[in-house]
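So, here come the structures, one by one.
Next, two complexes with subunit A in common: one pairs it with subunit B, the other with subunit C.
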Partner chain A sequence: MSKKVYVARSPRIAARMLGEEMLVMSAQGSTLFTLNPTATVLWQAADGATPLDEIVESRICSEFEVKPEEAMRDAEALAADLAKHGILLISEEPIPSKSPVQEQHRP
Partner chain B sequence: MPELALQVERYSAVIVIGDVAIRVNTRDSSFLDLLQQRYSGFVSAESGAEFEFDVELVEPTFADPDAEVNVSHHSGRWLMERADFRAEWNPAERSGVIHQKANPYSMDAVLRIVHTLVLAKQGGFLLHSASAIRNGKAFLFAGVSGAGKTTISGLAPGDVTLLTDEISYLRKHDEGYVAYGTPFTGELARLGENTSAPVAALYLLTKGPENRIEPVAVTDAARGLLGNVLFFAEDPKLVHRVFQTACDFVHRVPVYRLTFMPDARVWEMIQ
Partner chain C sequence: MSVLMQEMGERALRLGVPFSVQLDLTYRCNEQCVHCYLDHDDHGEMTTVEIKRLLKEMAEAGVFILTLSGGEIFMRKDFFEILEYARELTFCIKLKTNAVLIREAQAARLRDLGVESIQVSIYSGRPEGHDAITKVAGSFRRSVAAIRFLRAQGLKVVIANVLMTENMRDHHGVRVLADELGVKYTLDPTITPMMDGDRSILDLKAGVSELHTLFRDEAYISNVDEFCAPPPAPDADSMNSLPCSAGHTACYVSPYGEFYPCVQFPLSCGNVRQQRFIDIWRNSEQLKEIRSIRLRDLSSCSQCAHGSTCTRCPGLAFMEGNMRGPSTADCEKSFARTGIPSKNLLAKKETASPPPRQLVQIQIVPAITGSRLSGIGVPASAVAS
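Showing the complex of A and B:
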């Protein structure tokens, strides 16, 4: 049985939904990223407590009509990519919430 | 034998940018003259200031003024360093010290950093853009070096008041944003006027074969704006504030892409 993987939003970033895109800025070098719709769903669901496979099953598969195996593969790659840029934290244990930077939404 | 006492003369100038007064103290009268000349129009006769810096002049070194700035926060104090200066600032005590050579570039850099930190908390930011007032409204022209900030500033007709050709000073006020003049100059080397006006529009500059104004989608506007915001500190809370302010700005201020030829007729479209 494979280990659970947990993902959490990094506390060192700021994010905001603008139009239909999620803009994310990293405190490191004030680097700016735009998340695509799949990355946005993953980002929004990354609470540190829900395992990645549950996020894929409950959010990504239903929203994007994609097969679970394929979605899981893509989500793992995406999470690794986001982690590489310091946007997401990945752990095999639940990640306690300590985010001082709360996401805000505007119309 | 009487005790020897050495009294060192101290000279001060209060530099007011964006309604924020910063007093600079020095023991060198020629450096004070240099500051008063450099920030002419932004030096106040008032004695009150929100923050105060003592300047300790150091011997010149072969420092590169274009080197990267390092800004960090330790135990309530901001440390600002570049090859040509080292400064410490304690916002709670409203005071700091700057070790620098006797040139205006280092002081410029310190003032910019301090103002970015002050503005971040006030819902404002410094923007790599020219800005100017026409008909009581401020217009911003943002872009990287070579985008045309100096060109469009130089083409401004006589009824336009130039606030800066390089770095704009913006702060939220009521439901909108206000642009203030700055002494931070670009290639035009002309100080902005020390005045302010509500911001009517932000133009993202592109040089092209014709003069054209096009609306910009909100995400592109935010990207274009954030790409030109000056911010030096890698402090998550302040970066968050600046980011949220920029996102708020693009919801309140119309943002356009301005393609223009180096021709004064472009100003017919800026009203």
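Showing the complex of A and C:
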């Protein structure tokens, strides 16, 4: 059985929905990113407690027409990319929340 | 500004989102800067609860960039409580401070909270020069020490220097200091009238000849020839352009909850203690009027050679008496840059010229009795000629 992977939003980022895209700025280098709708769903669901495969199954496969295996591969690649930029934290253990990012506000 | 940030600003404009807000937490300050436009007494600042409610409303309205300023933000005992809550709401936080109250512990906490940048005011590279402006002995030493603490935490720091008559010869020293500290440096020659309309501090403003020299200094201007070139004639696109982001994607809230288009544009649009932030943003008649204004609507500037390139500030124009009028301080900058006077400066020059002798006025004087002349205070010499 493969190990569970947990993902959490970094407490050191700024984020806001602008139209249909999520704006994310990493305090690390003040770099600005925009997340597409799939990445936004993953990022919003990254609470540190829900394993990535459950996020893919419950949030991504249910909202986007994509096969589970393909969705999981894409999600793992996306999570690794976001982690590389300091936007997401990845661990094989649940990640306790340091800064309670409660909800992402949509204007 | 990055291309992506510019794109997001344009998108916010299309969507009607208040992308960037400056919130002054207090007007109280531990410095007494000679050029400051604020009344430092506390006339009833918003409470912690009121500010938290406002921050929630701002997040719901879509505000992304939140600049916390003052006064001196660290004068508020609840500053870190406010900042922590703002970060929970995932704002991109920029701070403006004199940094006098920042030591190692505060710098570490700012780093932990993921603050994007901290702007620190430094007015001279010499301690005595800086302290003479802040009127606080030792303020230079403490502010510079704070910058070192912030840098040690890996935080982004920007030194902001306001150029005025008092520190005209000191700006190179501040730039050298910024280089030594490894921080960015900005120099702004804008002096803002007091918020109550008192314009006496404008006497501190750098003159045109000083600006002329500054605008040709390659240490600040990367392409002097381009920067100082005569302006191109305004075309149809520039005539339809917006004066600035104030009231379009940006706004300002005072410590008392007053909602203005910008910190430099004291036209009250409402008060967040009485109305929701988003309701003022969407429904204020003042903001609707500001949003309707294009370059073509400006009385003097639409006819001016500098129309398409001028940095005209609508707030400074408002403080001169007309938000559709010129901002003379910006006219002077355009003149110092290019050597071409603006339409406004030419008009002022004509008005200021001594009027030609109106002999006909003197001819009617003999018809007035001597007692009436003395009654209206006209000296006898005026009649004699």
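Throughout what follows, the second predicted complex is superposed on the first by the 101 of 107 C-alpha atoms of A that agree within 3 Å, B and C clash if a C-alpha of one lies under 4 Å from a C-alpha of the other, contacts with A are read in each partner's own complex, and residues count from 1 in each chain.
Quick note on the criterion: a residue touches a chain if its C-beta (ideal position, glycine included) is under 8 Å from a C-beta of that chain, and two chains touch if they have at least 3 such contacts.
Everything numeric in this text was worked out from a predicted model, so none of it was measured.
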item	value
First (subunit B), second (subunit C), both or neither touched by A:Ser30	both
Set intersection of subunit A contacts, subunit C complex versus subunit B complex	11-14, 16, 18-19, 23, 25, 27, 30, 32, 34, 100-101, 104, 106
Partner subunit A, residues of subunit C touching it in the complex	2, 4-5, 8, 11-12, 15, 17, 19, 59-64, 87-93, 113-117, 156
In the complex with subunit A, residue positions of subunit B that touch it	217-219, 222-223, 226-227, 229, 231, 234-237, 239-240, 242-244, 247-248, 250-251
Footprint of subunit C on subunit A - complex, ascending	11-19, 23, 25, 27, 30, 32-34, 99-102, 104-107
Of all residues in subunit A, those that touch subunit B in their complex	11-14, 16, 18-21, 23, 25-30, 32, 34, 100-101, 104, 106
